[in-house]
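There are two complexes below, and they share chain A, which is joined by chain B in the first and by chain C in the second.
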Partner chain A sequence: MGDEAVNKNNKKQRNILELVWDWFASVKVGISLIVILALGSALGTIYPQVNAIPHPNPNFYYKDTYGTLGDLYHKFGLSNMYTSWWFLTLVLLLGISLVIVSIDRGVPLYKSLKNQPVARKVIALRADRLYTNKETATAADLTALGQALQKRRYKIRTVDGALLAEKGRLPRFGAYVIHAGLIVIILGVFARLIPGWYYDEMVWLKEDESKTISEVGFTVKNTGFQLEYYEGGDRVKKYETDLEVYEGAQKVAEKHLIVNEPLTYNNTLVFQNSFDPTPMFKNGKVEMIDRKTEQSLGTFDINFIDPQETYTVGPYQLKLTNYFPDIKVDAEKGVYTSSNEPYNPGLSFEISGPNLAPTQQWMMPTAPFVEQMLGQEYPFTLKMVDVSLFNMTGLLVHRDLGIPVVYTGCAITLYGLVLVFYFQHRRIWARLEDGVLHIGANTNKNWLGFAKEFNKAVEPLGATAAVLKSKLAKQPENQPEPPHTTESETGREGTQA
Partner chain B sequence: MNLLDVSGFLYGTAFFAYLAASILYVIGVTGRKIKTQTPGAANRWTNWGYRMILAGMLAHAGAITTRGIYGGYIPVSNMFEYMSFWAFTIILAYVVINAFYKLPSLGAFVAPVGLLVLAYASVFPQDHKPLIPALQSYWLNIHVTTAALGEGILTISFAAGLMYLLRTTDLTKGSRSAKFLEFVMFLFLALLAFVVTASAFAGAGYSHQMFADTPQEVTYKMPPIVGPTGTELGSQGSLAGIPLPLFNAPSWMNGNNASVQFNTIIWTLLSVAVLYLVLRLLARQPLSAVVAKWVRNLDPDMLDELSYRGVAIGYPVFTLGALVFAMIWAQEAWGSYWSWDPKETWALITWLYYTAYLHLRLRHGWEGAKSAWMAVAGFVVIMFLLVGVNLIISGLHSYAT
Partner chain C sequence: MAKTAGSTRVLTILVLLVAAVGIIFAVVKFNNKEVVVLNKGEAAPAFTLQTLDGNQASLADYKGKVVLLNFWATWCEPCRDEMPALQQAYDKYKEQGLVVVAANLDENNITIKGFINQYQLNFPILIDKGREVALDRYKVGPIPTTFIIDKNGVLQSIEQTPLTLMMIEDKIKPLL
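== the complex of A and B ==
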């Protein structure tokens, strides 16, 4: 009681920095942060995030698709949650906690293991979960034990009449290795804030179209796109782009780009990300037919991306008077084009020729019924006899110089996990006192495996095999760790005499 | 008979082998006359149960292999393939762990879980579809199998945690723990009831289409007790004199298939209510008390340790498969190692959950009951990651449905 009061008094006098340090170093705070982060992450999965919705205007999308709840979700900023200030703050707090916890626990553990004494009191050795002894022993037995353990890759330290054999000290720090790995991952993620380290853009390209992206210093050009479906279905088999990369006018790289195999140039990756499922018109061959005689008058070719102004068919001249690449006909708005891409071309020609007053005539390849509605008395039929369509390729240009950092962090984390869960810290102490060799041992996990190794090492000396005492049989006053942390490590090393 | 038929036959064989194993195990741990000297030791019944498990596992491996050869990749690309693979990893993890722990009663819990997961897999469409471009990568094999293995090992932790709770909780008093344990039994039965109901209607070839408010047609695989919002009540025929639909989904439930899912839940609740009441009347005591008899005399410390071991082994494997490999593949396929896609977010949540478990256990003294409850609830988290996300939330991983 008295000690506690003193502690409390001391706490009052600690400065703010120490209080903050203790707060972050607390196990409860760390676990709370983990739990809050998990709950927060779950919140963002209720409805899709803004970057995943198939609609340009989130203000309408959430209300229309998910009703009032969806609208509230969007208005409370949950639709863009993972980049919100509070979520990033949580990640940051967790990062700080990881750093502080690791220093707060790791450094004292390191020091205590570095300074651990070789000789322990016999009473402490007797209390170990693994203990045996050999009566009428000599210094030769101690040496023999040291050699036997050395063969089992133990590091041996000796002082007069005592020995400490140790292996696997690093696994004791496994948890801090994991923490370090996670810190590296967080740093790698936030590295994108460094100017020039991160760039991300979707680029949509038609065939032979190119686009210069100054932020990454090169131009991408689509020289051909192929789309293939599995037989008898609408299931996509593959989509691939022949991609060329230019710096200025010079071609510096090219690749037949397929999904899962990006091109790398200048620390930037170009991905085959997607494609525009709606095809566009590229070229078409149009046959002009006299409606009265139903005779073909000839054909002409149209380039829908960059159409000519006039066309000649037999004696007739067709002048393109109006071109709507993506035509829409609406009762209120009239005729208009909803984009500059030739998804649904509508062309209006002025046709002139012998014995014909110049007449206006529409051509809409995807909507011939509209054409007919508009022009019952057209003198000609403009019939598309051959057409080539194409799809736009969707490329993702992505530069993230933090990726190697993140991967390094992952590797460190995995290494730490292996250390924590698959390796142990094993120590064996021996002490020669009054002609008796006392041998005690401790590990942080896998006591059964350790007991086998222990007995294999001590039996040749003539010592009896040790029997593993149950956890509860440990004597409390010499207990190195509280009972619940037998699998873990604490910063304190209390077993030394 | 092509490889796909062979595979289907082998899946069936595995199913019946697990069924036999479950029955043998349960008899082995329940039977009074065949009790052996040492509590919890193997007997003739559990030995045969173990052999059936091994036989089922071999058939299951054969089923996966033949389907894999047929398609040219390890079959883990849709819900049927994935769930049945998970069932395989559960059994595999059990067989490996049993080699160390020699605990037949664990089989009495794991075999039914593996069986149920495999049965649940069969509710999903089993037709084989070729891969879409995003999945055409060797990472599909690496990422999904490793993640499934991690989840399989974590399932063992759940089973052992449940056994610990059944062993240590006093079920005669109506404590909160006892009620929760009974609820766990109820949930298990609910999954069973769903599988049975869905299979029964599928077996009878039931399918009912109707137009909802949404532009799409909705297809009911169970008679529509609940209709889509705005459907005229009783307009869809009747079932045993009850007009269908009896009521409509409330308007705030406006996902694409919300009414169908709601209807499935109603059917599941109805069938589990019947199933539970029948079993409860037969047993004349809480079902958890019946199951608790399977674990009497077992050493609780050993069960606690085993449950922890499941996490200790499963957590690193899960980290590797479900997060690290996932990130590397996402970087290659989608151009970003992390997109906050619901599936990967839930993988992270699952990881955070077990991270909390480990810290609470190793750093905060949560051994025994608290730790076991976390292991049991962890199974629910995994179920949501694997099933809930796909059924309720879609996203980049939606090809898995």
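== the complex of A and C ==
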């Protein structure tokens, strides 16, 4: 009884899988999937996708920019459509359908073409759309026909008293070549899921700063960034980075990066993508002036990224007691730095020297008025006489190893399209029976062209030129293999014999 | 459809479906890059960092004490807000075996020293150059993040909010 149950169960499972198979193999299902995907893709272009909006919070952006419709658009997930599970599911269903359709139709077609008989019945030959014959023929005529067709690059097979000449069998599989190409494209798109195949992130670099990106296995270093504006305006003319690439301590590549001319290393592209428009302080030369005598006491240099602690100017010692790279002065919060980047440095010095009790003095190069306010009593003026600024460069590091796969898929698809549109599967059968040579022929398209070739091959034998019979006069034979039946060549013989 | 195909078809369709489901899972995983965090009960990852005066300090140096390991920076407002509470807790419980260790996220020495003077801090301050300990070993996301490590070097609590003295007391009293 147990066995029986298992059997029943197996049978049931088998049936379900057969149903699934039929569902995927159905042309209707395939076309529906394509139509839904096309419509879905179109929907996704109504408003920008989340990755393309100039706002960090999509929940507000869509409502504020596009109103209620935009809000609904976002809430229904259309704003993140191409990575949504349902869109990808549809793509995968289409992929499965392509594989199954190809197996369902392609394999039987391949088998029947491989096993097709050389000799067909005369009555079947007579029914072909192209048919002619030669009275009082001999085996020599059959051989001559074979040689003539061979010259036209037909492949010839013969059996006793019969001949089959065939050309362009591969184009018959053009549709399946297209399917294979599409499947390769889908695989290429999903290839980014393989760890290490896909990386797409921004890297921000200060001058002479380097960062190691372990995902792509190298280090990028900014050895210089230039930013130029058009004269008299704040419109950017160009921004360019001198980039060096290191693997470990060894320099392996370098390039002067300009927009749209990326560096390529290790299958990874590094693009000049953007920059930080707010400049940062790099180095400065400060002149120390005695306020009483208004005499210069000398200068000292400050590195704003990693400042040293003590400076000597003439007889005076300056100790940097506090450094705020990005100083903010707030009535409630006091003095603090709001970032780690030297956008707006604030320096607090303790100055000591002969005849001087150690005094605190602030220096804020971008806010001299604060300095003045605080420093009514300061004995010195700390004046920035020279300063070098820099901007942070924004590089996009992009790797997508799936792209060559996608291009390969496109090439295969194009090849399939060429096969389908420009090549035909042509077959000519000849049979010698009772001293008459019967010649019939079939192709999957371009009958007129084929008729010419056919007549050029048969006329030298003394056979009359064949006239192409109308399509209506003939039954289904010209149609490509219809779904859910095996290859019709064999069927044709049976039904028309 | 011809019913001859049998097991190859069954196999094909199963393989395709499994592959598709696998791909969907991979996509979901790819899109929600999971945030890796440490968990309570794990051993606290070992580290050795520079102190402000140029010496080295390791987690192992504090063995036998309850360690309140705080990751911070001077530019982080909530970090500034909780500093007084950390100092109070240190003052109150250091005799009983608490040590507050504040690892700074790679700022320059002068900024850190200035901050310490401003806030009158006297617990050990370490500098996490390159932020390697914070990001790679302790998987710190936002700062301040505070790890409370018991006397055996086991993580007892991970706090991602600025702490008050009361919150610290709640956490450390059972461990002391």
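Note that in this section the second predicted complex is superposed on the first by the 303 of 497 C-alpha atoms of A that agree within 3 Å, B and C clash if a C-alpha of one lies under 4 Å from a C-alpha of the other, contacts with A are read in each partner's own complex, and residues count from 1 in each chain.
One rule holds in what follows: a residue touches a chain if its C-beta (ideal position, glycine included) is under 8 Å from a C-beta of that chain, and two chains touch if they have at least 3 such contacts.
What you are looking at is a predicted structure, and each value in this text was computed from that prediction instead of being measured.
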**Report entry** Which of chain B and chain C A:Y239 touches, first, second, both or neither
**Finding:** first
Requested in this report: Could you tell me if A:S41 is touching chain B, chain C, both of them or neither one (first, second, both, neither)?
Outcome: first
Query - Most chain A residues touched (candidates chain B, chain C) - result: B
Report task. Would you check which partner chain A:V329 touches, where first means chain B only, second means chain C only, and both and neither mean what they say? Result -> neither
Requested in this report: Check the residue A:T337 against both partner chains and state whether it touches chain B (first), chain C (second), both, or neither.
Outcome: second
Query raised in the report: What is the contact status of A:L414 with respect to chain B (first) and chain C (second): first, second, both, or neither?
Result: first
**Report entry** chain B/chain C common contact set on chain A
**Finding:** 484
Report task. Sort out for me which residues of chain B touch chain A in the complex. Result -> 129-130, 132-134, 136-137, 139, 251-252, 254-255, 301, 308, 312-313, 315-316, 319-320, 323-324, 327-328, 331-342, 345-346, 348-349, 352-353, 355-356, 359-367, 389, 393, 395-396
Requested in this report: Please give the residue numbers of chain A that touch chain B in the complex, ascending.
Outcome: 27-28, 30-31, 34-35, 37-38, 41-42, 44-46, 48-49, 51-52, 65-69, 82, 189, 200, 230, 235-239, 258-262, 269, 271-273, 396, 398, 400, 403, 406-407, 410, 413-414, 417-418, 421-422, 471, 482-485, 487-488
Query raised in the report: What residues on chain C touch chain A, complex-wise?
Result: 1-3, 5, 9-10, 12-14, 16-17, 20, 23-24, 26-28, 30-31, 73-75, 77, 80, 105-111, 113-115, 117-118
Report summary line: Per the touch rule above, chain A residues touching chain C in the complex are 14, 17-18, 20-22, 24-25, 83, 85, 88-89, 92-93, 95-96, 99-100, 103-104, 190, 192-193, 305-307, 309, 320-326, 333, 336-340, 348, 484, 486
